Every structure is written in C-alpha cells, then in structure tokens.
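Please read through the structure below; I'll follow up with questions.
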Amino acid sequence: MREMIKAKAIELLENGTVNRVLGWKAGEFFYDLTPGIFTSREEIEETFEYSVFSAANLSKYLIAESRKEGKIAVFLKPCDSYSFQQLLKEHRIWRDRVYVVGIACDGMCSMDVIRDKGITGVTAVEEDGENLKLTTLYGDKTIAKADALLERCVHCKSRKVVVFDEMIGENGEEIPDSHRFDMVEKLEAMTPEERFAFWRGELSRCIRCNACRNVCPACSCEKCVFDNDKSGIAQKAAASDFEENNFHIIRAFHVASRCTDCGECSRVCPQNIPLHLLNRKFIRDINELYGEYQAGSDMDTKPPLMNFTTDDCEPSVVYERGGKV
Amino acid sequence: MKKVFAADIYKVFAKVSQKSKLYIPADDGVSQARFLPYMEGMTLTEKLNTGRSAKDLFFPQVENLLKFKVSGKQIEIVDQRDEVESFVIFGVRACDCRSFDILDNVFLYDEPADTFYKTRRANGLVITLACNAPEETCFCTAFGIDPADPAGDITAWKMADAFYFRGNTDKGNALLAELELVEADEEAAHQQQEAIRAIAEKLPFGKLDLTGFDKEHLMEKFKDPRWAELSESCLGCGTCTFVCPTCQCYDIREFNNGKEIQRFRCWDSCMYSDFTMMAHGTNRPTQKERFRQRFMHKLVYYPSNYGGVYGCVGCGRCLQKCPVHTNIVKVAKTLGGENK
Amino acid sequence: MQRIGVFVCWCGSNIAATVDVEAVANALAMEPGVVISTNYQYMCSQAGQEMIQNAIREHKLTGIVVCSCSPRMHEATFRKTAQQAGLNPYMVEIANIREQCSWVHKDKLTGTEKAIILGRAAIAKVHLNAPLTAGQSPVTKRALVIGGGIAGIQTALDIADAGFEVDIVEKKPTIGGKMSQIDKTFPTLDCAACILTPKMVDVAQNEKIKIYSYSEVEAVKGFVGNFHVTIRKKARYVDETKCTGCGLCTEKCPQKKVPNEFNLGLDTRRAIYIPFAQAIPKVATIDADYCSMLKSGKCGVCSKVCTAGAIDYKQTDQLIEQEYGAIVVATGFNPISMDKFDEFAYSKSPDVVTSLEYERLMNAAGPTGGTLLRPSDKTHPHTIVFVQCVGSRCDSSEKGKSYCSKICCMYTAKHAMLTREKYPDTEVYVFYIDVRTPGKNFDEFYRRAVEDYDVHYVKGMVGKVTPENGKLKVQASDLLGGRQMHIDADMVVLAAAIEPDKSARPLATMLTASMDTNDFFTEAHPKLRPVESPTAGIFLSGACQGPKDIPETVAQAGAAASKVIGLLAKDNLTCNPCVAKSDEMMCNGCSACEKVCPYGAITYMDKEFRGPNRTTLIRRVASVNPAVCQGCGACTVACPSGAMDLQGFSNSQIMAEVDAICK
Amino acid sequence: MQVNETFTPTIVAFCCNWCSYAGADLSGTNRLNYPANVKIIRIPCSCRLNPMFILRAFQRGADGVILCGCHPGDCHYTTGNYYARRRMTLLFSMLDFLGIEKERTRVEWVSAAEGAKFAATMNEFVDTVTKLGKNKRLEDLRCAK
Amino acid sequence: MMHDPLFPVLGVVTDIRTDTPDVKTFRVVGVDGKKPFIHIPGQCAMLSIPGVGEALFSITSSPTNEDYMEFSIKKCGCVTTWLHAMEPGQQITIRGPYGNGFPVDTDFAGKDLVFVAGGIGLAPLRSVINYVRHYRSRYGSVDIVYGARSKDDLVDYAEIIEEWSKEEGINVHLTIDNPQEGWDGHVGFVPNYVKELGFDTSKTVVMCGPPIMIKFTLAGLLELGFDKTQVYTTFELKMKCALGKCGRCNIGDKYVCKDGPVFRLDQMDQLPDEY
C-alpha cells in the first residue's frame, strides 16, 4: 500500500496532473507522521510515509490548498472522504483543483493507545502482518494492530471512499453494525446525575487548546464565534465550569448534521476527552428522529438541521425518550 | 539523605497534607496523570509525567486579578486576593523543575515582579522526583538537565522498596526535619542515578544539537525559508503552548456579570491567529509567522535575553500531544546543528 | 455610550395601579447611560409625545426606552415620535409593562419589581441598537393578475384604470371564470352574462391590459416591486392573431364526443372549440387530447375550413418572461368532488346534480337551451330536492370541509325561486342545517323564496338518496317536525362545498405566500390587511382567500387593486430595515443560511479579499437582499460563524436582554 | 428533590413576535395571572432563538428557559418554527445527555388567540422549575446571586 | 498585600477636546486631582474602562506639565470608540508609565531636532516638542514637519498655530495630502516634503506616523545623507501587560512595551522585520 501510494504520488506529479501532493511526512519515529505537501519526486521518495499511523484527516487542508494555483493531489481514507465531500457540499473546497486518490483502509493505530497499554519509550515501530513490532528503550515488544486501533477505527462506520478520482486498493462498504453508538447508549441509560458527573469529569479536563476545533473539518469557520469578541461568547480559557460546557455544547451544535464522525476531535485531544460522543449523540438523535443521515455521504441531501417536515416530532419528545430519569 | 519505605509513603503524604496542601501526580480518569490535591486513598501515578505541566500550580490557566464596580461615572477597584496558603508539590520531574527557573526569569527577576507568581513561588515547596524510566520523547539532557538528579527544595528518588529524600534548600530541609524520617545511605540513590543516566544516555534526542540557536544568528534563523515548510501543517491550536512548562504568554480579559467586572488573566498562545491582532490588523498574519515566533522565542529570543538559557526543558509533552506531530525537535533538527 | 431617555407611562391607572411608576422611573435612572428618566400619565398622548421629543432635543438623547403597553400597540407611534424629534426611529425600545406586567400581576411590589427588570432589559438592548435606515428598491410598474375570473377581471380593470399595465394569466382558453357559467345572480336575479361579458370586453379592449389565456405561471423569482415571472403559454394550435373567432372550425370538426367542461360535461363539444359565445379572447383552441390530427396526424379538417389560416398544428408551448411590481392571486374556487358523498347517489344517477350543473341546466346557453330537463331522460322534473351543505361544515375533514362555503344558502334560494317561477308545477324542497343570509337584501330574498314561492324549507339532513324506477328516493329527517321524510324526487341538487382551485398550492409555493390548511391563501392580517398576503407584493383577490359571493369578490378585487395601485404608484419601496445582514469577513459561504431562508433572499458571490502579505483571496460570501428578507432570523441560527445577524434583534442585543433579565 | 419554599426561579420566555408575544399580551388583556418571575423576550420568530441565548440565560442565572412560537403551520414566516422545532429538540436532547435536567427547557406553541394557554403554560412551567430547584448544573458561579 | 504592577489606579477625565473628526484629546488626573504619575516624553500608559477593555496610549502631554496628563486618541477600536463617546467627569483606570521614552536628556541634548509626524503620529511627539520648548535652551533648532490627509485631520492645530509657530527657533512645516479649499500651505506627502525641505544632516530626527510614512521618510533622509543613528521613531504593537511578560509585543528579542516603544533606526536593523 505504502509503495503504491508513493508511486501514485510521483506519477501524478510527474505526468502533470497536479503540481502538489498532500500526504503524510515521516517524523522522528515511525508513529509521528505530519501532514505535508510534496512537490518533487525526491521529496516523496525521501519523506513520504503511509502507515497505520497516517491517521490525520487531510481534507481540511484543502480549504486553503484548493485556492492556490494549480491542482493538488490528496490521499483520502474512507472517513476522510466523507469530510471532503461535506466540505465540497458547503462550497469550502474547489473541487476542480483537487485530484482525489481514495485509499482503502483497515484502521489506524494510535501511540496513545499503545502507551495506555503500558508500553513506553517506543523509539521505532515496524508493521509485521497483523502485529506491530515495537523497539523501546526498555526492550522489544509486540502488540496486535487490533489492540492499538483508534477508537473511531474500532467502531469504523464505513470503509467506502465516497468521492475519488481514482482508488488505490479495493473500495469497501458502509458498516451499518459498527456499534459506534454503544457508548452513547450506555450514557443514555445512566441517570442524569451520573451523566452530569461523567461529563463534568471529562469536560473539566479541557484546557481549551482548540485542537478539537482546529482539526475538525466541520469547524471551518473563517472566524470562530469563540474567537470573536463581538460574538459575546468569546473565550480564551474556560474561566468557569459553565464556559467549559458552553464551548463543547455550542461546538457540537454548530457541527450537528454536518459532522461526519471522522473522530479527529477525540484523536487529537491532549486531555483524552471523548468529544466524539457529543457529536455521536447528535448523529444518533438525528438518525432516530429525522431518518438516517450520514453527513458527507452525498452532495444533495439537505442536512437535517437545515430541513424539516411538517410532522416532525415535538421537542417534548426529549421528556419521553432520552436518558432515564 | 532520608528514607521512607514504599509502604509508608502515604503516611508521609498524610502528614504533609495536614500542614499544607499537598499535590501529587495521580491518575485522572483515563490515561493521564495530573497534579491533584492529596486525599487519603489516592495513589501515585505509574506514569512518567503529568499531562499538564507543573507550572499550573504557580501560573494557573485562569487567575483573577481584580474586580471593578461601576456606577455612573464612578469606578471602584476591588483587590480580591486571598492570602495564598503554603503548599507542597511532590513528584515534580527534573524538566518541570527547571521550567520554574525559566518562568522565574520573566515573572520574578524582570522588574517589576509579578506578585501573583511571586506569592505562589514563595509559598510553594517543590519536591522533585528523579525519572526512573524516561520516554523516547524526553530530551531534557539536551538542556543540561539531569533526570537522575533534579533540583527543587527536596529531591526524591523512588526505588523498589523505598523513597529517598535529599533536602536542597533550607525550606526543604526544614520540612524533612519535621517529617522525622530515617537517615539513609546515599549509595542506594547513587545506584539509581546511574541506572537512570544509562537510560538517559540512550534517549534519541538526548543530545539534540542546538548550535546556531543564539543571539548571533537571530536574523539568520528568523529569515530561514524552511519555516514555511515546518509550519505548513500546523493547525494553529494551543496544545503545545498549554502543555508546555515554560510558555508564559497570557491574555488579560474581563467578565461582566452585570454587577461587577472581573478582570482576569488566562493563558494565551502565540500560535493563535488573534494573538497580535489589533484594530487595524496583525503583524503575524499567517501561521508561518506565528509558528516561527513560538520556536524563535524558545530557542533564540529567550536565550538572547537570559544569558543563553533556552526556553525549553525537553519534557517532550509537545512531542506527544501535537495533533500533527510537529514540534520543537523537528524545528531544532531542521534549522539547528549541522543544518544551520 | 448611548444617552438614553426612559419614559414610564401610567396608562391612566392601567399601569399605575399595579406598578409604582415613580419607583420604576427612579430605579431606571440609575442604569448606565440613562440621562433622563421620567413618568407621565399617557405617553402616547400628544402631550406625552411632546415630552419625549423635548427630552430628545434637550438631552441630546441617542436612544429612548418607553415603558408602556405592548410594542404591538404603540411601537410605531413612538418610533414616529422619535423620528420627528430627529432621532432614528430604530433607537426606540419598548418595555411592555402593561400587557406583560401590570395586567398580569396584582401585587404592586411584584409588578414594580418586574417592570424595573423589563425596563433594564430594554435599556440594555437600546445600548446596542444602531440607527437603521430603511433601504430602497425600485418598483416595476406593472402588475400580474393570476386568474381571469370576475375577481381577476375586476382587479385588472381597476389597476388599468389607474394607468398601470396589467397582465392577466388565465389557464383556460377564455377569461370569465365561474361567473360566466352562472345563469342568474342573487339577490337581484339579473343575468350573470349580462353583467360579466361587458367587463370581459372592457378587459379585451383596454390597452393597458394584456391577457395570457390558456397560460399558466411557471416560475416566480424576485420580490416585491421586482418580481420576475415566467409564464407558460400553452400551445392552443391556433394562431391567436389570425383567428377571427368565426367558429366554422368548431362546427366542422369531426370529433364530436368531447365532454364540454363549460357545461360541466352535461353535453359535448368538438376537439376544436370556443368555450362559449362571448369568450375572450374569442379564439378557437384545439384540445390535444382529442384532436386526431395531433394524435395520429390524420384529419386536418379545421385547417382546411379555416379561411384565416389560423390553424397551426406545429405550435408549441411558449415561455414568456416578464417583470412585475405586484402580483394578485385570483385563482378562485371549484366545487369539491362528490366522490365521497355516495349517500347522495351522485355517481349512480345523472339526475343527482351539483348546483353549478343545475345552473347550466337552467341557462339559456346551457345544454338544454334553458329548459329545465332531467339529464337522464330529458323530461321535466316535478319534484326537486335541494341538499345544502354537502361537504361544508363537516366534522370529518376527510370527507368534506370544516368551513361554511358561504354562497350555497343564497344560490339555493335562487335556484328554488327560479324553478318555482318558471315551473310553478314543480315541488321544491330545500334541506338545510341553517340558512345563513347575512348580506344586503339577502334575507329578504330568502324569505321571498319561502313566502312568495312556497319553497319547502326543511331543517334537516338528507340521509340517503336511492335511484329507483326512474325516481330518486330521498330519505331525510325534518328536525323541526321531528319526523322522517321520504320524497320521491325527480332531481336532487347538491350544494357542493367550494374549495380553492388545485393550482393554488403550487402557486403559493412559487410565491412563498402562506396558505391555511384548507389551501386558502392567508391574509397578512385577518381584519386589517385582508387583501394582502404576508409575503410582500402578493395580493389576494376573490375566493382564493376564502369563500365569497360576487359582490364580495368584486369588492375585494377592488380593494386588492387599490393596494396594488398604492404600491405601483411608488417609484421606490422602503424596506423593513430589521433584516438579516451578513458580515463578509466572517462568512464561510457554506450556504447554510440560504438553505433555511423561506424567501430566497440570500445569494452568494465569489469576492476578492485582501489576504495576508499582500495576497488576494477569493471567497464565497453571502449577501442578503434587504428588499426580500422579512427578518425571521432563521439564517442567523443556521450560520455557525455568526456572520449572519439580524438587525434590530442582533445576537448581542438579545443576549444583553437575557443578561439584564437574569441579573 | 429538595424543595426550597422560598425559592422563586428565574424564567426566561422567548416569544415570537407574531403569535406568542401577542398571546402573552392577550393573557394580560384578559387579566390572566402568571408568576412575575417569568420575563418575556420578544424575538421575531421562534427560529431566531439561538441555542447560545438559552445557554447564556442559564449562565446568567435563569432556572428555566421556554420558547413560545406560532403553532407549526402557522408561522408568520411560513417555516421558521419548523426549524426551531428541530433545533430545540436536538439541543434539549443534548442538554439531557450532559445530565442537565430536561424539564428546565421547554417549547410551547402559543397562538395569538391563546392568552389562556400562555398563562397556563407559564404557571405550569414555573411550578415544574420550582420543584427542580435552582439551576446548578449550568450556572456560572461568577454570576451567582 | 503587594501592589501588583497589573493593578491600575483611578483617573478622572476632566476635559475632552475634539481635535479632528476622529481624534480627541483627553485630559486625565488622579482622583486626588493630581497627575497620576511622572513620565518621560515618549512613554505610554494603559488606560481602561472596566467592562470595555484596556489599551496602551502614548502620553501626549509633556512631563513638564505638572497638573495633568493628556492623551490624543484616534477612534479605531473598541476602547477608543468608548472613550470618544464618553463625557468629562468619567472615571477611568490608568497604569504606567511604560516604555523607555525618548532620550531627551541624553542623546537629544544640545542637538538640532527635526520632528516628522503624520496624522495621529503627532501624539507621542507632542510630549517631546513641549518638553523641548520648556527646556528650550538645552536644545538647538527645532523643525516640525507635520502632515495629515486634510487640514481637518491635523491634530492640535490650534496649539501648532497659536503657540509653536509663533515661538522663536521653531519652524513648523505643515502639509496635507491633497489640495483643499481654505488651505494655502504646502500640499503633498510628508516624505516628499521632508526631502524638499532638505534638512542639514547634523540634525537629529524624531519620527512617528504610519509605517508607510516612516519607510519613505527614512529612505529620503538616507538620501539626504542622514545616518540611521540620527533617526528615532516610536512603535505600536498589540499589548496586554505592558510589562514585558505577556509575550505579545516583541519584535525579535525586544519587547516594545519595555525595550521600546522608542527605537533608534540603526537598532531596528538588528531586529526582525515583524512590525
């Protein structure tokens, strides 16, 4: 896969299809890949990397990149392609300046997950079939890839690249029984007091670094309300519990019915807050109340929050369903 | 040198916390350690370091400065500071401990001193803990920090059976004396130190070459074209800043609850697009300039102002936390050493 | 920092009885920015208004807060007051301390406390008010009337009379509408054709009026003063400019078996036809569903007999684009289908007819030449039963309509009377729930039917009609007599409920005009603005707004016309300034706002912006057409960046009110 | 739940200009009582209600927030309340998900003719919120009274 | 409890003068009616209106004025808009003085001085000019070149005409960008005017104005034979603490609030071009 992708990147650059390639750059260790732009064969040969650590969703970079001269090639994993299409739908990316190479994906791993398993000091990683061989300061270790997967990949919703100019690897299918709402349901089954305690515990860790927002392809505002002093709700740091809640509620609401559930927010959170649960709560509610909807899966369907039917349920439905009392 | 058997460490904590507030690094929810006020039943984390740095305890993320009450054209200024109670932090690593020196330069020694910081520093007692198992992201040694022998008022070593303590300052010795611990042989600690240093020797960035990052090369580094490439993936978030033990930029903001106006300061990040935004624009218009500012500050401006001391302690938090894995090591490797 | 004046109204004792106005004024005087705070018995009085105006001048006020009755009552008044004193009218805020305070609460302390808080909220808001200036948009001085019945005709004539151009779009081949099918009109019993056809001729001859017959509205864009309408002129396969209306083709056409819709299918016409003798335009139309030439290419008789050479089998639909300043909807009504009323045997016996069919059977130009004959055997009926409220005032909405169709009582009385007059040997029964005759000379008319013409009015419903041996067995109850009735009738006439024309619903969507659940167009205000749609520039004429008889229709048509004239007489329109506005610097161009805008007021453009380091950036940004936007604010919430805000009800203003209230 | 006898909740009622605000007016015209701690904010349409405003109200000390708009189908702007309905449904569900008492938020459709309904709704809502007690979970301590 | 440097003191705005359509001059004293603190020409102070914000302004009045401080402020942001809308008697908060100020008693002493200002750029120079006027004997000749978009945009016009122009040894050269009715003075941009005037290269130049003016004036001065060590200017960047701690206003390793705002132009060359 890695070789095919690199070869494709070189091919597209050299045959003049594009003048830039957006991919992942090798870091200091095997696991710390950085999104990067490549403009030459040499660069690609030396530093382009694709591995189970190519988790970063590249689609958001295209908002800026597609406005630059010439065409850019981008590699999109299935979940990234949903974000890409949602951005297209919102007129944020100039499609004609992007050449999309879809790549089949079996799930991405996370160093955080590996560290969580007590493996530290990892200086090198090698993919070995279904396993990862780790060289650490404290001796060699092995971990199954499946045990190192990102949460979003454990509950992968789709292996289908929804928009591409060409595919590398075989395109997959949507996975309806991803169990991605299991945790949401578990929370819903709690009492409000328990839920409140759960979220306070999580959100009180927030350091308002904006990583979730800045990485989020749906949070593509020219100027975020939380940065805009005129909005009346601008904040630099959460100065109270309320502000912690407010930021995450409003952010989730702003991306509701636009969030593709790409999981980047939770991946990048330095405080390991399961932010995706908020988005999934909205997705689950939308699916249940207004019919199945997957943001980014097509170009035409109106996002549920910009749509209605005359016989929609009343807000009082929340008293009847929702969490147990 | 004093000694406490591993089984008794919590008795020591209990004793300390009776007199003053004690913070220890403990696991907080999932996969993260954090300095938390010690309460009975709490256990020390097994993790190397806390997710957030120890600077929080001296320079908190949000800090109230003063209040105003406004009526008509009149303003009343209310100083609302409470006396800061004395507190003890246990388990500060060598890198974080060094970060206090770096912050001291700005907040204490540069006149006028910041009284909020000053009060906390005066009331805080730092017990450091040597790093038994440094991680691949650690590079404190690059800044001449010895993870085996951290500074602080008291230095502690953790061994299989016991904790060893050494007082470094009067304040530290006084506390140790109060605790009435058993005298111990220094040899055990020395062995531990050697073991740590052996690992530190193997750290991939332990000998990070920082030549070229100095006042003399200020303009050259500033003008280096490679900043563009280094910064191209930067999201402009504040993760690196907020987990950094030495970042000290802050914003002053106000909150009006309708009755009084609370002026407070909170951390800010030079990575944010509005950091230098004025009514008529910003002098750092793209992420390249903002990214450059952060690393120039750590590696060039700070040493230029403070006798060559770098504004980084090699704790490695930004290496672990950056969403796109761009960090000070990549910058140093690209622009420093033989690449300069 | 605003300089704010606060004016607390006593409203006599209405407010002052439960709110200590003095205390309110004193408390609000302490609020930031308030430079004068006072109270007065009646702020809305001349003296009160002068007091405000003097204060504005004297204290150089930049904003005022009036604590008084509901803004729905006097906001406009005080805005005018402010304007006359040189203050922007949108710098006025009302704190509603009457309807929402003094009238709700009994305890004076409570009322006073609440009034102070409401005043504070208004002050907090006015601090953030900005002077708003209403925008201007030009007016196209031409009106479109959709529907060419009596409503449309009258509206068009009145507008044209004032000197403005009017186009009528009529989907049928001729104008005239329902009235052209009616025989006589109540309560005067004059002949409908005699009063309608001259008006039709007037329309045809009026230079200002253009008729698009056999045409329909295809698309509507734009907004008040500037509508852009696409009209589909359906192919009639006859060149209107050549056809002389001689009618020869309609006699020679070999296809004779086409149901004649003008006579409601009671007789037939040819495939090429002129609906009725006085049709306007008097031009033949080929019915493509029946013409053999169009269907199979065989025939061509009409073309051969037409001396004018007007037949054109190759004609296609034509799309006409036209600009209008105002649109009048006059789409009229239809009797409802009798399908669901099997108990009256409408589908089983041709002798069960609707009132409109009966109208044709009585009409000299009708299928029977004006002689009343039963459709089944063309014999003279001797017993006729009229059933009222068929489908009107129904409980079950599935079957009929909940509303009263309003005209049935009168036309049934008319039918009964005319029948008795022409055929005194006929027994006439009318079954009714109530007889409703409010209207000039209406009750007298009904009484004549009962008293002079011996029409048997029976209060009660007909339960069942059964055709049997050439008779219609009518089973009914007489509620006043308390008995069951069995009548062997020759004919049964059903007063079918009326409903809006089916074309109204899609039209409403095009016009973004609102409708009620019965598909009648909603008026802007049921009492005060009965001929205007809430959508600016859309006016309502005739039965499209609700059931009406002819005089009412004509009256409303005139009213609609005068509203249109009032609009077209202006060169420019002043827009409501409390509309949405997008901040281009923050706009993402994501189209969220556009998706929720009910008026299509938001458009996008790619615009160049200055980027960092002397670069230029092209960004897609939204802009709101202030003439179209009605200020609902749906877009402001859809917009994640907050680029879209509503002037007069901005995010910061509302939050300031929230803060003041919760403080 | 502990009920504090002296507790009077702060209630913010957002009312659309065309129906519910008029309904509230009518309620006054008919001299129908409802508690004074209900304060009405006039907005042009229920669709103008930004979730930000609701959270803001709770931050600043509101104990309950209610939105009143035209009945579905009767919106002055034809579609506004349909959008509001979806937005509020999802927002309320999210607040519930975060453990905020769902009874503190409410939507009622009140027409210009339903003065009685307005008063009844407010009475009932105030009762409900009074029973819940003070809003603790979404309050901002800096705004504490 | 120690007084924190971030804590302001109260001030009262006793007088507000409208200079131009968008510039007003505010007279500030402490609540005790005295001058809040002592400063050097070119230094700044943080003014704030609680609830609105805090911003740094250069002190326009000369330290030789014993009674009050003045600030000439152009309306351009949130705080300034509020200031412009307020009325005399309003309390504000003030802290300072901040920055290095001009070397009036060292480098400037005994020198012939040329002041070059554009628009609101006169504000910090006014302090120096009046200081120099006060200690007239300590300095050589004084030339003032001042330009604005139009006559109406010239700040302190009355003082310039009534006092400065009339004072011996002070040459005032006014210019406006475009011809205007009722203006018989020079028309043209400041940099060109400075070149036209062609000052003696022994003089010391003090500049303040929009960056574009600084840039072209400097080029002109260098052409005339001036050395960068003879030219001083003053800067403005976003500031929060004004104490060199909040990390905002640095240009390279220098903080404008602490090491500036006055820089000699040869010092500027040592700094990255990020202002």
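Letters A, B, C, D and E name the chains as they come in the text, with residue numbers starting at 1 for each one.
What we mean here is this: contacts are C-beta pairs under 8 Å (C-beta built on N, C-alpha and C of every residue); 3 or more make two chains touch, one makes a residue touch a chain.
Model, not experiment: these values are computed from the prediction.
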- Item | Shortest walk length in steps over touching chains, chain C through to chain E | 1
- Message: On the document's contact criterion, could you list the chains that touch chain A and likewise touch chain B?
- Response: C, D
- Note on the structure: Per the touch definition, the chains contacting both chain A and chain D are B, C
- Query: Any idea whether C-D or B-D has more C-beta pairs in contact?
  - Reply: C-D
- Message: Taking each chain's centre as the mean of its CA atoms, which one is most distant from chain E?
- Response: C
- Query: What is the chain whose Cα centre is as far as it gets from that of chain B?
  - Reply: C
- Gap in Å, rounded to a whole number, between the CA centres of chain C and chain B: 71
- Message: Quick check: how many Å separate the C-alpha centres of chain D and chain E?
- Response: 54
- Task: Report the inter-chain centroid distance for chain B and chain E in whole angstrom, where each centroid is the mean of the CA atoms.
- Result: 39
- Query: Hey, what residues on chain C touch two or more of the other chains?
  - Reply: 596, 638, 651, 655, 659, 662-663
- Message: Give me the residue numbers in chain E that touch at least two other chains, ranges are fine.
- Response: 78
- Message: If I count partner chains per residue in chain A, which residues reach a count of at least 2?
- Response: 225, 232, 239, 305-307
- Per the touch criterion, the pairs are A-B, A-C, A-D, B-C, B-D, B-E, C-D, C-E
- Flag every residue of chain C that touches chain D in the complex, lowest number first. 70-72, 96, 98-107, 110-111, 113-114, 117-118, 121, 512, 514, 517, 534, 578, 596, 598, 630-634, 636-638, 646, 649, 651, 654-655, 657-659, 661-663
- Of all residues in chain A, those that touch chain D in their complex: 184, 187-188, 192-200, 225, 232-233, 239-243, 245-246, 249-250, 252-253, 256, 278, 281-282, 285-286, 289-290, 304-310, 312-319, 321-323
- Task: Can you check the complex and tell me which residues of chain B touch chain E?
- Result: 65-66, 68, 70, 73-75, 77, 79, 81, 106-107, 110, 112-116, 118-119, 215, 218-219, 222-223, 248-252, 254, 256, 261, 263, 265, 268, 270, 275-280, 282-284, 289, 293, 296-297, 300-302, 304-305
- Message: Per the contact definition, I'd like the list of chain C residues that touch chain A in the complex.
- Response: 585-592, 595-596, 604, 617-620, 638, 640-643, 651-652, 655
- Within their complex, chain B touches chain C through residues 70-72, 257-259, 285-286
